[in-house]
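The following block contains the structure, expressed as structure tokens.
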Amino acid sequence: MKQVTWTITENTPLTPDTYRLRLTGDTEAITAPGQFVNLRLSGFYLRRPISVCDWEPGAATLIYKVLGHGTAAMTHLPAGTELDVLTGLGNGYDTSLAGERPLLVGGGVGIPPLYGLARRLTAEHRQVTAVLGYNRASDIFLVEELHALGVTVRLLTADGSAGICGLVTDGMEGVNYTHLYTCGPEAMLHAVWQRCRTDGQFSFEERMGCGFGACMGCTCRTKYGHKRICKDGPVLRREEIVW
Amino acid sequence: MVNTAVTLCGLPLENPVIPASGTFGYGYEFAQIYDINCLGTFSFKGTTLAPRYGNPTPRIAEYAGGLLNAVGLQNPGVEAVIREELPRLREVFHKPVMANVSGFSVEEYAQVCRQLDGEDQVGWLEVNISCPNVHGGGAAFGAEPQTAAAVTRAVRDVTKKPVIMKLSPAAADIAAVARACQEAGADGVSLINTLPGMRIDLKHRRPLLANGTGGMSGPGIFPLAVRMVYQVYEAVDIPIVGMGGVSTAEDVLELMLAGATAVGVGAANLVEPCACRKIIQDLPAAMERYGIQQLTDIIGGAHHG
Amino acid sequence: MVNTAVTLCGLPLENPVIPASGTFGYGYEFAQIYDINCLGTFSFKGTTLAPRYGNPTPRIAEYAGGLLNAVGLQNPGVEAVIREELPRLREVFHKPVMANVSGFSVEEYAQVCRQLDGEDQVGWLEVNISCPNVHGGGAAFGAEPQTAAAVTRAVRDVTKKPVIMKLSPAAADIAAVARACQEAGADGVSLINTLPGMRIDLKHRRPLLANGTGGMSGPGIFPLAVRMVYQVYEAVDIPIVGMGGVSTAEDVLELMLAGATAVGVGAANLVEPCACRKIIQDLPAAMERYGIQQLTDIIGGAHHG
Amino acid sequence: MKQVTWTITENTPLTPDTYRLRLTGDTEAITAPGQFVNLRLSGFYLRRPISVCDWEPGAATLIYKVLGHGTAAMTHLPAGTELDVLTGLGNGYDTSLAGERPLLVGGGVGIPPLYGLARRLTAEHRQVTAVLGYNRASDIFLVEELHALGVTVRLLTADGSAGICGLVTDGMEGVNYTHLYTCGPEAMLHAVWQRCRTDGQFSFEERMGCGFGACMGCTCRTKYGHKRICKDGPVLRREEIVW
């Protein structure tokens, strides 16, 4: 964990309510895909946790969806704005367990961290398949970028307006995978967990006080005791999860 | 050179800044960010007799002045604290630490304090009486002078360490509770704990926190803390650890003028991990700005004017 | 089309938005800025039997969540209100208005209410029991159920208009006070009044407000208001006017879900003169966002979940 | 009173702690010198009252001193910032009472509103004298601008580092004036009031909740009853003032 200042270089809508934020600044503390950052926004007391979508030395990309007042305020931040960021938070995904054919399952704004993961997995020469679920065609983002990495993408929408009509669990049918990585709403994670036939890594969300393990605001029960989503997670192993 | 040292119940503090219980864990997370030995001391997470998971999530909500928490005293229980947390804590913090104690019966408080009494590094016992009394219909021990005094006496009997009773702002008359604690043998009082509040999830039409209510903390409760410290200062002769919404060195001075000998910093640590280090660094300049040579000179200073 | 109408103690309100007493004068200042007939109603400045200058200045201080005031019930006294203010008010506001009444003895409350009972435009009497009881050692009437009930009964006897008792958040158990008011004949309750707080002037080392303490209002007390409205809703069957820190249409919905039938807006009027008009304008869109057809459907809605 | 948006065109230090803020926007509601505006600052709940130093259609000038956190934050507002302003507040000075030789007495940041007043009085062809008091030479501002209007300036500093060494009351000695206008710290107003041998107008400061007469936060006692500094003031007539 590190407290740094990042400067916005770009803040553009990818869909009507999903934005891509590109930033420059110290990214040293980020060591694994699936980690997150905690952004201080002027006018809000608590920081806002957002997954790292992609990063390189000196630059990072985040993708966020407008959900409440904080994320709505974020859409108004112009390029040049400096943000106070706690970076390198959480454990992130472990790519050493991926095997040859990892499967990535993402829903909505659970998809961004899977991009950074896919980039690392493809760099490690694994055959990556991604099952991506959106509500409707106009919600789609990151699909081309994943294609460009060489990922096999299965696209689903809940209303059938693009790709296959259905949920991510429908998209998982028939995929032959060695390990599963997933991120998305809790109901989706649960359904994916029930379908998953290999070991897997599940990334959770919780309302956070601090984001670095100090307040016990984000605790969940696991088979191995209480864990803090922000510090011991957000990624949990399949076998330890208690629903 | 200004002097930031104060004495809290007989033990010297390099400066009055004390991270508040529940916002600083056992110090490790912060020790990774800065050398926490710059602190006066810190109060570790509230400890109960048995391990507690606490409340279901969501446990955290926001408001314009800070946050609400309903963590529900998650902690590994006093035995695990002594066996596992204190030895680790010792590695990163070399001063006496404040042990925060909670309980749901007078006996539980006494039992936890008895066990912590044997720990060398524990400098003070801070006894949080905002918890509901399971034998008393669920009212908090801190709501009334009598129950607060009962806890104080029980704890006083089992330890030679200084006992600091931590008061709840939900008390009808916090000055009366403080007085009762002093009469029952407390060496100090700390205040304020969080103020019960609620947020509602408009989408789901139910309280946002799974627990229903949660404790308000942060700058939104600062004037309440100042008022209560001021009132308690007029009611007791024992030192006060003031807290509630402190975020800056000036806030520290304000609470000390109201009557605090030392000052707790809670929520600020969560959103600004280096908040306490910064406050300590800023203190000398703030003191000079207001013509303060020694911090001890201003304790209760707003009462003379 | 959504429906914002509600009924408060038998009288219809076009919408639940009510500028809170002490922040809207007698309406004239605001009538110069917008047509105040868009309001559900408004509660005029607290009225006492005799004219009052109020407290010395400074009367206003700031905190992170809003402001503190120690105006001290400045008002021209009930006779001047009836003779001078109400006729002028009638020119700019054509709906029933809420008369806010204060007193320092049970008799004073009754006397003021008796005089206001004769005024046609007064739709409701809102009886502020946060004032200190001069015959009761200075404790507020609203601090305890018994004294709150005594004021309620005295007022109930002298008027046929709906009586709304305005409760203080400083009460030990606000739900018990509300219940006592209901049993003593109140038609409704309104809450919360300001929360006593203090700021200290670092330069002069004394309380910033000449009065020492002042009442906290604004967004910093909103979760306290939500919690108290929620608790009072479970304790009484009479309607609740919820208030404390409301600044947006969503805040109105939140307090209504907690149990409010109508919603007061105080401090927001002072920093955003058009706050209430804007809230009323924003209400329909906010209702649609959360699938609300009729506001009356959501009163207390957070209790079912 | 009117709620308007003003845009900062300039925010420059005149002394180490006193800044001039130039703004553009609707100034219609300003009708008299000595009126004030109430500025909303992001991060602060209450607005900050500042006197109008000068104005014309579409533009206004304010001069403010860094006193606490709000005015300190103001110094960081760059040109182009939009401010939410309540304008045209308070009664302002009545120039019809000036007579031929009005005297203006100002101390520190009480001086700014006297500039707008002087501009109107000189335009009305009156012979204006201004007695201006500062703490020290480095605090001096607006003197040249007043000179440029044709005002006779008597400059004093408390430490004698510029002009006459003394207080404004010393500077009033020997001036033959028809009416007195003053603004400054309360102790100065009181001293000036005791010295004043004509009718006069005194501008007061008070902590304000609203600034437009709604909250009774700023009440003072006068011979003619209670007055609100923000609405019935900030300018009071000499004879009505009760100390």
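Annotations
Lettered A, B, C and D in written order, each chain numbered from 1.
Just so it is clear, contacts are C-beta pairs under 8 Å (C-beta built on N, C-alpha and C of every residue); 3 or more make two chains touch, one makes a residue touch a chain.
Because the structure is a prediction, the values reported are computed rather than measured.
If you average the Cα atoms of chain A and of chain B, the two centres end up 36 Å apart. Distance from the chain B centre to the chain D centre is 46 Å, each centre being the mean of its Cα atoms.
The distance from the centre of chain B to the centre of chain C, each centre being the mean of the chain's C-alpha atoms, comes to 34 Å. Shown for chain B are the residues that touch two or more other chains, namely 61, 63-66, 218-219.
Chain contacts here close into one cycle, and each chain has exactly two touching partners.
Looking at which chains touch one another, you get A-B, A-D, B-C, C-D. Every residue of chain B that touches chain A in the complex is listed here, in rising order: 22-25, 29-30, 32-33, 45, 53-54, 57-67, 69, 71, 74, 218-219, 267, 269-271, 273-274.
Note for the complex: chain A touches chain D at residues 42-43. If you check the complex, the residues on chain A that touch chain B are 1, 3, 40, 44-47, 86, 206-210, 212-221, 226, 231. For chain C in complex with chain B, the touching residues are 61, 63-66, 68, 143, 171-173, 195-200, 202-207, 212-214, 216, 218-224, 226-227, 230, 245, 250, 253-254, 257-258, 290, 298, 301-302, 304-305.
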